[in-house]
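Here come two complexes built around subunit A, the first alongside subunit B, the second alongside subunit C.
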Partner chain A sequence: MRSFATALLVAFLFTSPARGQSLADMIDFSGYIESDTRMILDNYRGLNPGGFGDLELNRNEVNLRLGINPNDQVRAVVDTRLRYFGFSQAEQLPDLIERAKVDPYSIYLDEAYFAARGVIFSNLDLRIGRLIQNWGAVDQFNPTDNLNSRDLSDPLDFTKKVPNQMVEMSLYPAEWIDLTVVWVPVFKPAQLPPSANLAFAVEYDQAGCFKKAPIPPLSRPQMAELVDYFGSLDPCSMHFIDPQVRVLDPGRNIADSQAAAKAKLYLGPLDITLSYYYGRFGFPAAYTAVAYATPRMDEPGAQDIEYIAEVTYPRMQVAGLDFTYSADWLFGMGFMGEIAVIFPEQVDFGLRAFRGKALEIDMAHTNIPSDPFVKGTFGMDYSLPFGLYLNVMYVHGFFDEFNDMYGLHDYLVAATEFKFFDDELAFRLAGVWDITQRETGTFTPTVTWVIVPSVEIQATGIYFIGDVDPPETDGFSTYDQKWRFGQKAAGRNVASLRGRITW
Partner chain B sequence: MRLALSLSLLLALSMAGTVTTSAQEKLSAIQILERMDTKINGNEDQDMDVTLTVIDTDGSEKSYDFNIKQKGNDKRLIRFNSGELKNMSILTMNQDQVYIYLPGYKKVRRVASHNMSQSFVGSDFTNADMATASFLEVYDPVLEKEDEAFWYLRLTPKPGKDTGYASLLTKVGKKDFLQWQSDFFDEKGTHVKRFAASQPKLFPGTTAEWHSHIELSDPRTGHKTTMKVNALKLNQGLKKSMFTTRYLQWAK
Partner chain C sequence: MEAAGSVEETLFDLERSESEYQQRKRVLRKQATGGRALLVAAGSVEETLFDLERSESEYQQRKRVLRKQATGGRALLVAALLLFSACNWKADGPARLKSLYPQEDLTSNAEPEDIIVPLDRPDTPYEPGTDIQLNNLWGYYVVKMSLPATMDLFPGIGEPYPLLLTNLFVAFWSDDGLDWSYCQQFANLDAGGLGETEMLPETNAALGQVPIYLETAEGIGIEQQTLAWTWGIQGMDDPVKDPLPTSGDDPLVWDQDDDGNPGVTIKVLQPAGFRYMVRRAVWHLEPAAITEDGDRLEGKVKFQVHEGAVGYDGPSSLKTIIPVVSDPSGGSYTMVRTNEYYSCEQLLAEYPGIF
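Presenting the complex of A and B:
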């Protein structure tokens, strides 16, 4: 951040305000205060049964965004959030003397960058600092958008990104074409939702006996062998120590950085973008799992099991194309599409189990093959004259899917919004349906009331459709059978009440 | 559904001090409309701060402040300065190429033309109204009547132009070639909308008075929207590059 601060200082020292420019012209300030309370509406999607009616979230957030424009060639932006979580984290008496435990908070720096326009050449722009890039033409499901990983800390807002330090250079050689090149020195992974831990959780029955372990990405014969092995053990004799999932550091070498380029063409009713990305997939892929079984001294026949897994972020190259098209000849409907050909690094998954020092299981299977694969989104949107908006998309490959053992699914994503009373009240229904698995999806109804301009209240929620347990064939399930939205790792069914004031 | 009353009508401006055309001048309906178009879009560029107030039938009001920059008669940039839409920007590069910057998503998105028929922030204006429109490109005019001060033009959409209205009766000032009032009629002949301009004002830096108040109302319901021009600058030398997606990215 020191280099950014220096750049900012230099910008101020060596650029003079434009003649006649007032302080008000130089500075723009905006932000919001938001309060969000969420209630759990299920008893079956947590680690343990129960939880209906519990508060899942009690969050207050202040956003401050400051833009500084010393002249029309220089701009600096700082966008920050102060987030209070609203639940005490005090577990021991000494915690109660720490404000951060009693009233925990986080500070987010979403953007902090310096931009210069017309540097070296009049048609060249530069942005350096902490930035968020949003590439792609479709809404939310953008396979060509890989520079910033997703921030899924809030399952109700999966459009957020993890900001990252980067250098962006944009060239505007003609009205019909824009060129952009971005370099991101250090890769940052996606922030996962709190429910993600459940993907690696070991479950027990009411008697405290082992019930279920995470399903590894292995072939069906390998899974059959694994099930046979565990089936020979007494489930009440296995005491799992809290599983550890280690994240392999992608590295900080120049070869581990990310780079991307795109060319956007404006062709009348059609906008087309060609893009290329070199970097890593932002979501973790299962890499290794090792279990160590150690006999318990205090309980003959019983054993402690230490389970350590590793996840990695596979390298990839992405060649992308996206378009938007306004079809005046078809009621003015809007069409948009995005296709990405992904060249992944191969990831082989290995699983080992030791009893004492004896290696009892040793399996390996390719989790992600190196074969290129395609992800794509195609959609349309349309507004009816009486205030009804409709957006429908076909998605091949969800944003966290990477052609691993789970595969790539097809989805139907639809959203409709109806506005009433001079846009003061809006009712929105959105849903995702997994066409591949057919019995799983999400449903999100939202009512937004703009009480007065700047002040809005929103009631929303999310409901996950699908069984939490995958279907079993021959008495067991494989990695690819996990219900896309039914599995517990997807999150809880919740209702949310939000209030926000914007300035 | 382009009303063609367009926000350009905000600039339907009473430049009373510079009027040279005499009422006696015999002009055809097309010439009158042409002169009106020229008057509206005749400046190199325009930059104005506006307050839009939506007044519901029960008298309740809501207001939004925004800035409008325009170059020529086809490029326009609107940026919201207040309300829940603050920092949202709408760029019209031409009638068929509209982009919106959504601050919540930090993304520039192209808007398909279906969206142009939607209400602009719940007001009586549509998004198409907020884009630039030339009357002569959209309407065929017929001189229906005239009096000492005004011409009354009956405007009907040109073949293939879907304006959402069957006709307009537009009152054009003989001294200033400005659109003082327009009544909009649907296919059944029902009077569905009225545009009225008033309160001429001399803004600092300008050489003639401009209407500072526009009202668009629905005579059937009483619902109306007013626009108040708080500040106006003309011919500031706004660069063409300001009306590009590059600028939307820059100013975000």
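Presenting the complex of A and C:
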């Protein structure tokens, strides 16, 4: 009797009542486990000097991706990550009784959606839920890809995105064209790397005297006035109290939704996509700043300075075009390009400084003009038969650039990879060079060894080229002079050792 | 775009040929006038002129059609451009700063700078750096509370309009505690006059008769606290959380200004009329920092405003209440020491120079 019940249970679990399909047929399961330890390789890119040899990351991550296909028309996907950070956050004795403090972790739900094929019409598909969209044709630098903001929490991984709730409809009217429409009810901003805080940090020298404050997006004459004003103050008498950078909520009105549409054309070796996006830029733009200086009662001559800045997410519309072309006639080289015309919201930056009740500085400057501007990426990749892969791209406008006072820079992005021993060993060199500023870039060497099938060990790292302090003209710097990759906000130079199993 | 371009080109050609045609017509007409004396010659010229005028009529008709097409093409082009660029989106940081930190008005207005109010100090005034004793803070004060907010007059269309609520009170702090008595509220809504209101003297006087009690404590001064300041309501079990009455018949509604209408009466300037309303401001007050020897206290306040119309006199749109959305960063309150004789009237005349 017992064995009969067990057999029944097994039959129930592994058999779909609808079609007699086994559970194994209905489910696909993939994922990885990754361990990543990183060490800081510099002494000069943190808020304070030092740090070489410190472990920056000690992370263990489990990814589980489950796909369920109850029938041919329906698919559900759940993609999760469990991330343990490996550094205790216990600061007080009571923290030691909390596991989350002793061993902090985060749970990520990267995707959770269902898809239905042949809705109403046989050639109409629908996807609803938490999704990540990847639009565009080029590698990573996609100005037409705006539905999901970037997840830059890991400086060594530019590819991650912040998932969002959305509704997607895809229509396939003919073999040579696909149409897609997406609605994202609520905007979600990009997740910034931990080093982003340094973009707004106030720095002090070893004597505890004020050294520098964030450079606001003002014109050179305005900056000269500002420098004159602060130059008249004793740097050792200024005490900044908990500088704050507030993020303005983009709102939840229906008008604050994002929407996008694209038409992809398959024209033989050439694929072309035309797209349109309505929404906001995923990275914050400087909006306001106010400083209050009040005399300290306990220290004659000294003053407390309260500094509050605000950032906003400018609205935008984007008209995009991208293409990929496989040139069989030219050794099979692949060419790809992407161009976006962006119609932005104008953002006027305001700055005020008060001493006591008196307004001493009141400045305004357009940080982002309303003029349309262009971002684009063009590139090629090529695989040689003896294991060499080459990818070169020209990028106009990094993914966090938005024609603000910093402007749009041009970049050369290149990666080359050599593979040996049936791809078991790979050397990869990748880098980004800022053509506009010329003296700044990044360099990322990587060695990957597949020790047994599905298991790899990887040694990698990132090195930032460029001075941390912007060049000065007439004794001060302006917003556009910050070194793209040299500035501290870009991150630390690190080396990483990873192990990963994928299934 | 291409179609619009080709129509434009044709129209341009046509207009150029029209100019040539007019020139030829002038020559022929001249010939006709001169040729009337020479009848034979004139006949053929008139004929040509007739043909030319008929073709002019056809030409004009064609021109109208083409112009229409061109206009249509232009309209498409303009519509496409509008789609992208005519949203008139603008995030105005300087205006926001002006609204959030309106002290600019104080500095720009030179005359109130010199107002000196005789101060009634307690026997043992507060000494900076020492522990706060409540009796060090006793005395008379004036209070200004600045509450930045927005009102979305046209939901879904454009940005909400910035609103700055400024409340003025006179205050008395003694061993019985601290109470604030309302003097005036200014609601500066930056919406071109739309939605502007005015406080009636009777309403102000009625509101001023109900003091607001604040919790104080030794060592802190003004405690962190949440309190509700209600207008036109009495008898709520929990003034912070209970729902507002929605009808004038609700027993909670109180004709506080005693004008025979439910709630309190507010004059609305645009659309013009009177709104009978109930209102609750919930304040989450932070402890105040004490400066200037205990003569000035400053603190932060987060707030919500809940309003309801329980009647109106004027257009029915007066019944519609646009929610006040408080700024997430909150507002501030400032208490400045004065003296026993300092009145609301004096405060209204001098407040820009005091705070």
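Odds and ends about this structure:
Everything that follows uses one rule, which is that the second predicted complex is superposed on the first by the 483 of 503 C-alpha atoms of A that agree within 3 Å, B and C clash if a C-alpha of one lies under 4 Å from a C-alpha of the other, contacts with A are read in each partner's own complex, and residues count from 1 in each chain.
By definition in this document, a residue touches a chain if its C-beta (ideal position, glycine included) is under 8 Å from a C-beta of that chain, and two chains touch if they have at least 3 such contacts.
Every value quoted in this text rests on a predicted model; they were computed, and no experiment measured them.
Clash-free side-by-side placement of subunit B and subunit C is the outcome of superposition onto subunit A.
Judged by the touch definition given at the top, the superposed model places A:Arg75 against subunit B, while subunit C stays out of reach.
Judged by the number of subunit A residues each one touches, B leads among subunit B and subunit C.
Of the two partner chains placed around the shared chain by superposition, subunit B is the only one that A:Trp503 touches, whereas subunit C remains out of contact. Look at A:Ile254: by the touch rule set out above, it reaches subunit C but stays clear of subunit B.
Legend: residue contacts after superposition of the two complexes on their common chain; A:Ser454 is shown touching subunit B, with no touch to subunit C. Contacts of A:Trp176 after superposition on the shared chain: neither subunit B nor subunit C is touched.
Applying the stated contact rule after C-alpha superposition, one finds that A:Tyr266 touches subunit B and leaves subunit C untouched. Measuring from the middle, so to speak, at the Cα centre of subunit A, the directions to subunit B and subunit C differ by 140 degrees in steps of 10. Using the contact criterion defined above for the overlaid structures, shared-chain residue A:Phe29 touches neither subunit B nor subunit C, since it reaches no partner. Once both structures are fitted on chain A, no C-alpha atom of subunit B lies closer than 28 Å to one of subunit C. In the superposition on chain A, no residue of subunit A contacts both subunit B and subunit C. Subunit C contributes residues 83-85, 87, 89-98, 100-101, 103-104, 106-107, 128-129, 152, 155-157, 291, 328-329, 355 to its touches with subunit A in the complex. Remark: subunit B residues 1, 54, 56, 62-64, 82-84, 86-87, 96-97, 103, 105-107, 109-119, 121-123, 223, 241, 244-246, 249-251 touch subunit A in the complex.
Those residues of subunit A that touch subunit B in the complex are listed here as 30, 75, 115, 117, 125, 132, 134, 137, 139, 159, 170, 172, 175, 178, 266, 268-269, 271, 324-328, 331-335, 381-383, 385, 387, 389, 419, 421-424, 450, 452-456, 500, 502-503. Taken together, the subunit A residues at the contact with subunit C in this complex read 246, 249, 253-255, 287-288, 290, 294, 297-298, 308, 310, 312, 314-315, 317, 319, 341, 343-352, 354, 357-359, 362, 364, 367, 370, 372.
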